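Here the chain labels run A, B, C, D, E and F in written order, and each chain numbers its own residues starting at 1.
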Amino acid sequence: MLASAVVDNLLSAPVVAFIVAATFTLLGADVRLPEGLYGILSSYLLLAIGIKGGRGLGEATIDELWAPLLAAGALGVATPLIAYVLLRRAGRLDRVNGAGVAAHYGSVSAVTYTVVIGLLESRGEGYEAFLTGLLAILEVIGIVVALSIARSSAGASYGEAILEVIRGRSISMLLAGLAIGLVVGSERLASVDPLFVGLFQGVLTLFLLEMGVLAAQRLRNAGTFGLRIIALAVVIPLVNGLLGAAAGAAAGLSTGGVTVLATLAASASYIAAPAAVRIALPAADPGLSITAALGVTFPFNIIIGVSVYAAYAEWLT
Amino acid sequence: MQTVDRHLLTIIAESLLEHRLIDDVKRLGARGYSIAQVRGEGATGWTIESWEGQSVRLDTVVTDAVADAILDHLSAHYFEHYAVVAWITPVRVARPERY
Amino acid sequence: MLASAVVDNLLSAPVVAFIVAATFTLLGADVRLPEGLYGILSSYLLLAIGIKGGRGLGEATIDELWAPLLAAGALGVATPLIAYVLLRRAGRLDRVNGAGVAAHYGSVSAVTYTVVIGLLESRGEGYEAFLTGLLAILEVIGIVVALSIARSSAGASYGEAILEVIRGRSISMLLAGLAIGLVVGSERLASVDPLFVGLFQGVLTLFLLEMGVLAAQRLRNAGTFGLRIIALAVVIPLVNGLLGAAAGAAAGLSTGGVTVLATLAASASYIAAPAAVRIALPAADPGLSITAALGVTFPFNIIIGVSVYAAYAEWLT
Amino acid sequence: MLASAVVDNLLSAPVVAFIVAATFTLLGADVRLPEGLYGILSSYLLLAIGIKGGRGLGEATIDELWAPLLAAGALGVATPLIAYVLLRRAGRLDRVNGAGVAAHYGSVSAVTYTVVIGLLESRGEGYEAFLTGLLAILEVIGIVVALSIARSSAGASYGEAILEVIRGRSISMLLAGLAIGLVVGSERLASVDPLFVGLFQGVLTLFLLEMGVLAAQRLRNAGTFGLRIIALAVVIPLVNGLLGAAAGAAAGLSTGGVTVLATLAASASYIAAPAAVRIALPAADPGLSITAALGVTFPFNIIIGVSVYAAYAEWLT
Amino acid sequence: MQTVDRHLLTIIAESLLEHRLIDDVKRLGARGYSIAQVRGEGATGWTIESWEGQSVRLDTVVTDAVADAILDHLSAHYFEHYAVVAWITPVRVARPERY
Amino acid sequence: MQTVDRHLLTIIAESLLEHRLIDDVKRLGARGYSIAQVRGEGATGWTIESWEGQSVRLDTVVTDAVADAILDHLSAHYFEHYAVVAWITPVRVARPERY
């Protein structure tokens, strides 16, 4: 089961594109997409994910929603704290850098989310469509909690940082998509499906090509930060993913839904969190977080992690 | 053409700071500014041409006093923790009342 | 009938995207698409509209064409004059600003056109496909007429302004599309339909998301220009739309065709006209025109107006 | 046969777009796509071509591959040499400029390749899918050979120029696509087909619209370089195309495959070669090569040439 | 390296004026220029970073006389009605014959 | 604010040279640089705003000696065959140790 999930995921076009791009980059070949495309692709993905989630939300009842919502809230608090403790103890980071990196692990990665969704769909496994809504919530809480740890040192810019996250493009696009999906409804959305559904996997493949380049560039620097941090960038997602699976199972989600929630808990943000941390904790080293979250955790999650979280889910439901 | 001396203050900063810098220079007396996208390298180990956004270059033509005030402000608030670089160039402009 | 058209239109993906984006923007959230995408989307839309029109034109006979052509010519002259008179009398604008704003209302908005087409198609209502050709004609005449009013003050740059409109990207793209559609023909166009037809509504949705942001930004400034101008930005389209419907009916167009022509007459340009007016009438305040055309008339038209013009058409045919 | 191929090709959407854009540009109308789109479209095309080729390569056996590979190698050596001799003798260019222009004719144009593929597919004619792999090989060899001619004068930058070609975006994207297509395989690629297959002809049409503008701009300058060069920009492809057809027939390719190989041999590079020549032979006039390759050969090939090469193939197989 | 003094004239203008400004500076004696995309704010109430296009920044290295002639021209034709700003910086260049 | 005099060297070059120029200026002593996209016209008949890529503008604040060394290098290696233009502006900076 785990092996077959690993293979299914490993051979999917987006993941292969990621690996090919990372390999090419490490070999010195230039496969960067033209400037400007990165922003376009990520906006598209966030909107498309949002629309899909809004569609799902429209069909969900309050009864189905409250337990997963509670689970997401709890994960939003627990995952950055776990990351913080591990980073301070095992990673020997100081308070500011510990909190800074923890904010990345407390928040989530929308692209990792889309990879796990792709895996589930290719395996014909269902999941609760409203989970996308939790994506937006989890993205914020984890950052707030982590920044609160170092709050005293942060001063006036704390509130500003939170606002930056909430109003920033990453969450706003997701919420705009949710609103559009919810209001327009499945039937009327059919006219835009060729763009937002039909092209989704293709655009994700292009995006992961670019991410492969960026991750490889980060990975090259990883050496400077020491083995401890690299190891933690694998351990933290495995721990948080297990917690996420447990929370999802407790909330009564389906096996697919548990896989998704586990992946969200395990994933690390590299869009919303860096900006927020840079504002609230300017003394934190941004290279450290990005290298861990983007250079190590992100590849680990999309290549191997998602299959592990699927196994967690299998086991717990 | 009659011209007067002013100072052109150029700031290069990580794009995250764009809105804050705009607020700052306006508050400290700049009557206008121009912003362009740039990328580069400097003392910060981590290239600020991050994978997310590029750096911004802000040019503002101001009086001597305003240039100094802005530079002081940059030094007090950004130089330590952010990737920010600034320089001042002597320039001549027509329409002195505008700067 | 009117109520159901309003609902059909209001709940379509493009219009919902527009409203969501405007709302988010007014609330301070950032849903702007990345820089550069605006130009890409608008070029795509103009080309795709053109291709569609060229296809339609290829199937039309001269007999069908002359009356609508005449109607379009008459509207090109009448609508900017009506706008001018209203703006000077009721709006109390001076000659230069009156002519400047009138040029916007004399010209047309291609995006408003696509919204009404979308409404007709979702309701299964036919229309004369060659009308797209009139789009290009109407876009130019209205500007020429309005600028002529203030011509004496314009001097040498008058001709330059007209050339700017005709050679500018907005009309050139439309005409290039028309030529491609006409020459290639329906059958051979099948290979490019996935791009130019399949993705059309989706791209329009993205585009209207961006337009929602821009309109909201303009709307915020509307206060500075006074209530008179805002009111006229609703009245002028209602008047010009009625005239357009009458002209369309007189020209023997179908109900759908009348709706389209009425919408064109009612719509205000915010791409070709601003550039032309800026060149020919530099003393005119560009903020005034853009706020009226983009901040008030455009939202009014795509949210409510098109349904009103459909009702006009229903009534007159 | 030839006449019908000419018409089929001439009326295809991409070629019509090219001609329309060139005509509009010569008339002074602006149909340039927004800045930034050029790079996006060309990256897409290279990737999509690569993926398609990788898919084909995955189904080919070594037995089928070796002869065409040998043929491609021979063409990579012969075509730049033929071009060089013609340019020096008939074109009266000096050694450096002769080698510089020859490098463009020794290398290949991926877009010309896609046009011939489009023609074959619209005519329902098969071809060996693995030929895309040869595209990458031919792209490099021809440049290497041509630069070697002027090597002594090039000095240290020779190696740098070759590296620039191999690591540059043009070849890297193609190879990345090949790798993705090969590893993911036909079945799993279905999820990304809407993007990479469905939109292909449409994107090519957009791209050729832009190329029409660029070619027209170059064509305008063509006068400065004299009639000899313009004539050679038609003669060289006709000669090299014939050689390519002969090599393809000798290698046992199908009629479609021979057409493709002939077209590759006939086509001139305007992406990889200019950059390489600029580095290795800075004294060569870049305007000369680009005007010949992009202003004359490219339009000639996509409008008429491909049909001639199809006739060559018909005749030799 | 032997250098000579020249003037760098920098013009920021709404992008609509791009072609006209290029023609103007060439006609008035500039032998080259560079253009970049910028956005900004100034005295014009209406931000010229319009929703349609950005502003352009034109830099041209010229002689003293040419710089003055261009500035005079800007003042006569654009300063009143258009969003245009310009300043002159003293610079040194190699190859004096080129500017 | 205490400032010191430095030189701003601005280079405009066809984008092909970007990587080489970056290596050059760093090797010759620049501690940082900024790059922007530009387009333009100059002495080269063939507009370097080629259809493929635009030109780049590289700005680097350096000491007098470094500015001269880079200018010498440009003159020796690029001025003849490539579309390259450069000028030097006097500027003032805070944090002298950085440049």
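The definition used in the following text is that a residue touches a chain if its C-beta (ideal position, glycine included) is under 8 Å from a C-beta of that chain, and two chains touch if they have at least 3 such contacts.
Just so it is clear, the structure is predicted and the values come from calculations on it, not from any experiment.
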Legend entry - Other chains in touch with both chain B and chain C: A, E
Legend entry - Relative to chain D, chain with the most remote C-alpha centre: B
Inset, instruction - Taking CA centroids for every chain, report which one is farthest away from chain A. - result: E
Inset, instruction - Would you kindly tell me how far, in whole Å, the mean C-alpha position of chain E lies from that of chain D? - result: 40
Legend entry - Distance from the mean Cα position of chain E to that of chain C, given in whole angstrom: 35
Legend entry - Two or more partner chains touched - positions in chain F: 36-37, 89-90
Legend entry - Junction residues of chain C - those touching two or more other chains: 36, 40, 194, 198-199
Legend entry - Pairs of chains in contact (touch as defined earlier), listed by label: A-B, A-C, A-D, B-E, B-F, C-D, C-E, D-F, E-F
Inset, instruction - Would you tell me which residues of chain D are touching chain A in their complex? - result: 36, 39-40, 43-44, 47, 166-169, 172-173, 175-176, 179-180, 183-185, 188-189, 191-196, 198-199
Legend entry - Interfacial residue positions of chain F with respect to chain E in the complex: 10, 12, 36-43, 55, 57, 68, 71-72, 74-75, 79, 85-90
Inset, instruction - Would you tell me which residues of chain C are touching chain A in their complex? - result: 11-13, 16-17, 20-21, 24, 28-37, 40, 118, 122, 194, 198-199, 201-203, 205-206, 209
Legend entry - Footprint of chain D on chain F - complex, ascending: 14, 16, 45-46, 50-52, 80-82
Legend entry - For the chain C and chain E complex, residues of the former touching the latter: 38, 214, 217-218, 271, 274-275, 278-279, 282-283, 285-287, 290, 294
